[in-house]
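The next part holds the structures, each set out as C-alpha cells.
In the two complexes below, chain A is the common chain; its partner is chain B in one and chain C in the other.
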Partner chain A sequence: MNAAAIAALRLLGGVILAGLVWEAAVVGFGIRPHLLPRLSEILAAFAVTPGAYWAGLQRTAAETLIGFAAGTAVGIMNGVIFFRAPLLRDMLLPVFIVSQTIPVIAFGALVVMWFGNTLFAKAVIAFYLTFFPVTVNTLLGLNSVDPRQVALLRSFGASPRQILFRLQLPMALPQIFVALRLGASLSLVGAIVGEWFGDNTGIGVLLLQAMYNESVVALWAAILCAALLGTGFYALVAWAERRIVFWGAEQ
Partner chain B sequence: MGMPVSSSPSPLLELRGLSKRFGTVQALDGFGLDVQPGEFVTVVGPSGCGKSTLFNIVAGLDEPDDGGILRFKGRGCHAKELLGQVSFMPQRDLLLPWRNVVDNAILANEIEGASRREARAKALAMLPEFGLAGFETQYPHQLSGGMRQRVALMRTFLFERELMLLDEPFGALDALTRSMMQRWLLDVWQRHRRTILFITHDVDEAIFLGDRVVVMTARPGAVKLMRAVNLPRPRAPDLLTSPEFTAIKREVLDAIEEEAMKSFISGTAAPP
Partner chain C sequence: MNRRHILAASLAVPLATALASPFIRPAGAQTLVRASLRLKWLTQAQFAGFYVALQKGYYREAGIDLTINPGGPNLLTENLVASGADTFGLSGGTDSVFAARERGLPIVCAGVMHQQTPFVFVARADGPIRTLADFRGKTITTWFTGANFVLLGMLAQAGLNRGDFTMQPQQVSVQPFVDRQVDVVTATRYNEFFTLMSRVGRENLRSFVPDEHGITFPRDTVIVSEQTARDRPQLVSGFLRATIRGWRDALADNKLGVDSVMSVAPTLNRPHQEFMLVEAGKLMVAGGAAQNGLFWIDHPVIQAAHDFFLRNEVIKAPLDLAAAYNSSFLEALPVADRMA
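Here is the complex of A and B:
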C-alpha cells in the first residue's frame, strides 16, 4: 500500500516535470504555437468549455468499455468453444482471421450504416477489435496447460467442466491478460474511429472538429483527453492483472 | 509368478498379463502383481521400463491393451472405472499456483463435492503432521521443494482412498530431506493404514519402505523379481547397515544390474 502510494507520487512528479519541460521548451525555443502550443494554453482550453470535454470523455469511455467487455466475454467463450471442438476451430478460425484483415475503417462504415450514429455502433467496432486477440490467446492458454495436470484432476474423478473451471481457465489467465492489455488500447482506437463516421459527442468528434477549425490548441486538448483515457484504461487492466494473476505468468 | 495366493486374504488389486503399447513402443508386456490390503509395495526398475505407464493404468488414466486382467476389490473392471477410486500422486507435485497450501491440499476433495469448509478444517488439522503448520496461507512459489512435495502428499492422503499410488515422490529431494521424509511417510502410513504402491529409483528406499519390492525388467516392463522384505517395523535408519538389509539389497541389485545391462545394450545396439 505504501509502496503503491510512493509509486503514484513518483508518477505524478514525472507528469508535472514533463509538463514543465513542455512549457519551458515552447517558451524558451520560441516554438510557433501552430506547431506546438504551450501546455498552459491547452489546459486553459479545457477550462473554457469543460462540459464539452467531459461529455466527450464519458461518451468515448462508455463505448470503449462496453465494446471491450463484450469482446472479452465473447473472446473467452470462443476460445473455450474452439478448444472443446477442434473441428469447429479448424472451420471458423480461418474465417475469423480473414475478418480481421478487413481494415477497421472499411468495416466501421458498414457498422454505422447498420446501427446508425449510436453509442452501440461504436461499441461494436471496439468489440470487433477486441474479441479476436482474446479468442486466440484464450485458445493458446488453454492448449498450453500441462497434460499431466489434466491427468491428475482426471484421476480425482473430475468432469471436463470441473477441469475447465478449476484448472484450464485459471492457467490460461496470464495469456488472456496479454490479449486484454492489447484489447484495452485497440478498443479505444475502435471507439474513436467509429465516431469519425459521424456523431455529436466523443473524443473522436472533438478531434475532427479541431481539425476542421484548424485549431491546434483544441486538437491537442482532444489528444490529451484520448491519452488520459488510454493510459487510465490500460493501467486499470494492468492493475487487475496484477491482482488476479498474482502468481505470475511462470510458476 | 510363484506367489502364494491361496493363503492370503483377497487382494485389493490384482493385475494379470497387463500389456500396453504406444505405437511401436511396447511399454508393458505381461505385467502381473497382487497387492494385499494395507500392504506397502515398492517398484524399482530401469528408467523408461513402464513404471509410470503402470500407474497411469491403475489410476484409470490409460486403458491397458486387450488380454490383460485388472481387478480392484475383487471385481474385474476397465481402467477408466478406477478414475476417482485411487489416490494418485504423479512424478511432479503439480500444485496449482493460485491456490494456497490448504486449498491445494483439498483440491481432490473439492472435486468430489465435499464441503470446502469441512475439507479445509480437516486439512488444517493435518498440517502439523505434514510439517506444514503455519504455512496454510502460503502459495506454492513461496515454498521449498520439500514442502511442495509434502503438500502434494497431503493432497494424496486427504483424498481418502484405500489404494495410494506414489510415483517417485522423493525423487527431487536431497539425501537428507529424503531420508527424513521416508521415515515420516512410514509413520503416517502406519497411522492411516492405507495400501501403498510406491515407485522409486533408489534401492535403499525401496527396501527400507516396502513390505515387498518388485523389480521390473527393462522395457517392455514385466516383473523380474518379487522380493519380500521381512524386516521388523517400525524401521530405523540403522537398519540400512544391518546384514539382513544388505542381503536383500544384494539380491535386488543383482536383478536390477542384469536389466540395466540389457536396456543399455539394446539402447546402444542398432534397432532391429
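Here is the complex of A and C:
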C-alpha cells in the first residue's frame, strides 16, 4: 500500500472517530436536540432529500469556482499591472482598498439589483472577495524578486516579457498561493452570502431556510455541506500548490 | 439528386431549424410577457398559491412568463420593485407600504393577501399573564418593524405605558421564550406559533390577538411600480387573476399546495408547511375577503391602520392612500373569479 492510500485511510479513520464521539456525546450527556442533534439524525436528513443537497452542493461549487477563477485571473493581472505601472498602483490600489471595506451584505443587495438571481450574481460576490488578496499578494511577490536576478537575465538579453514569465511570476507564486488558499475560503463565503439574497438552490439557501424555520437538523446538514465543500476546495488548492510550487511552498 | 446532395440536405435542414429556432416560437407563446415576482420571504407554504399558479400554467394562460424570486432577511421587496429589478412584489404589508410611500418610492399596492394581523403575542398559559394588564413589569420580545407599535397600542388600551414593561427586539429564534428567559414572545400564526406548539405544547400557550383589541394590520401586500400600474394595468389584472386561481386550488387542496412548495424547497418540514397553509388560508379569507374575494383591499381597515401609525408617529405626515392602494386591478375581474 502506498503512502497516499495510508494517509487517506488515516483521514477516514479520524472522520469516523469524530462522528462516533459526536453521536456518543449527544446520547451520553443528553444534549437537547435543538442545541446539537445526533449525527445519525443529520445523515438521515441527507437520505430523505439527497437531491436537494446534491443540487445545492453543485450550484454553490459552480458559483465558488467561477468567482474564484475570475478573482485569481483578475488579481494576478492587477498585480502585474500595478508592478509595471507604479503610478497606476498609487491611483487605483486605494480605490480597491475602499471597495473591500463595503460589507459583503450591502454589496450583495446591490448585486442582486444589478444581475438578479443568477449564478453569475453569486460568482460576482465570490470574485469581489477573492480578487483583492490575490492582487496584493501578487504585487508583494513580484516586488520581492531579487533585482540582481532580474539584472542577470537582462544582461543575457531577456525581454521584459521573458523576465516576467520566466523569473518574476514563478518567484511570486509562493506569495500568490498564500492568497489563493485564503481566496478558496473567501470565495465560498461569497457564494453562500450571495445565495442569501433570494434564490432557490444552493447551500446558502438551505442554511437560510433551516435557520429561519428553526430546523436544527437541516441547519447542521447545510453546515456539513458547506464544510465539505470548503475543505475539499481548500485541499484542492493546497494540492495544486504542492504540485506547482514544488521548490518550497508554505505547508 | 445524388447521395452527396441528400446528405447535405439532411444536414442542412436540422441546422437551419436550429439556427432559426430562437426566432420561431410555438403559436400562442408570442404574446407572453416576461415578469418576475419577488416574495417577502423564503419559499414556504405562505406563498403556496403563487407556486400552484406557476406550476399549473395559470400565469402562462394569462400571458405572463413569470419567475418567482424568493425574498430573504436582507432584501426589501419595495426597493426591488421600485428599482424595476422585479415586476411584482409580495411585500411586508400595510406598514412597509406606508414606509415606502413616505420615502417617496414609486410603488402601488394592488392587493392585500392577509386580511387580519398575522401575528399574535404569546404568553404561557400556566404563567402569571392572564390579561393585557398583567404585562406590567414583564419582559416582552417583538419585532421592531411594526409589531412593536401594535403591542404598544394594545397595551395603551389596558392603561400601560412604555415604561411599565420591558420590550426587546426579537431574534430569529423563539427559544428564549421556551427557556422562560422572556415572558411574552411575538409569533406569526403560521410560522413561529408552530415552533412554539411543538416545543411548549398548544395547551400551554395563551395568545393575545391584536384584532380582538381593535387593531387590524393587513399584511402581505401585492405591489407594483407606479409605472407598471399606469402603463400595463392588464398585466397587473392578469397576474392577480392567475394568482387567485392558484390560491383557490391551494386552499381547496392543501396537499397540492404543500407539494408545489416542497417541489421547490424539498428540505422543508412537511407538517409545518401543512400547518402554515391552513393558518395563512384563514388570514386570507377573513374580513373583507369574505364578501369581495381574495386579495381584497379593505380601504377602511387600511385607513384605520394608517391613522394608528400616524397617531404613534411612525409616519410623520398623512399619506395619499388613494394613490398608494389601487383596487382597480382587482375590480377589473368579475367578483365570482375572485372568491376563494
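Going forward, the second predicted complex is superposed on the first by the 247 of 251 C-alpha atoms of A that agree within 3 Å, B and C clash if a C-alpha of one lies under 4 Å from a C-alpha of the other, contacts with A are read in each partner's own complex, and residues count from 1 in each chain.
The criterion applied here is as follows: a residue touches a chain if its C-beta (ideal position, glycine included) is under 8 Å from a C-beta of that chain, and two chains touch if they have at least 3 such contacts.
As the structure is a prediction and not an experimental result, all values here were calculated from the model.
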Q. Overlaying on chain A: chain B and chain C, fit or clash?
A. fit
Q: Have a look at where A:155 lands relative to chain B and chain C in the superposition and call it first, second, both or neither.
A: first
**Q.** Touched partner set for A:167, first chain B, second chain C, both or neither
**A.** first
Q: Compare chain B and chain C by how many residues of chain A each one touches, and report the one with more.
A: C
Q) Looking at the overlay, does A:49 come into contact with chain B only (first), chain C only (second), both, or neither? A) second
(Q) After superposing the two complexes on chain A, what is the shortest C-alpha distance between chain B and chain C, in Å? (A) 45
**Q.** Residue ranges of chain C in contact with chain A within the complex
**A.** 36, 38-39, 41-44, 69-75, 79-80, 83, 85, 172-175, 191, 195, 199, 264-269, 272
**Q.** Residue ranges of chain B touching chain A (in the complex, touch as defined)
**A.** 56, 59-61, 83-86, 88, 90-92, 94, 96-98, 107-108, 110-112, 139-141, 159
Q. Which residues of chain A touch chain B in their complex?
A. 146, 148-149, 151-158, 162, 166-167, 170, 245-248, 251
Q: Spell out the part of chain A that touches chain C in their complex, as residue ranges.
A: 34, 45, 49, 51-53, 105, 108-109, 112-113, 116-117, 196-200, 205-206, 208-215, 218, 221
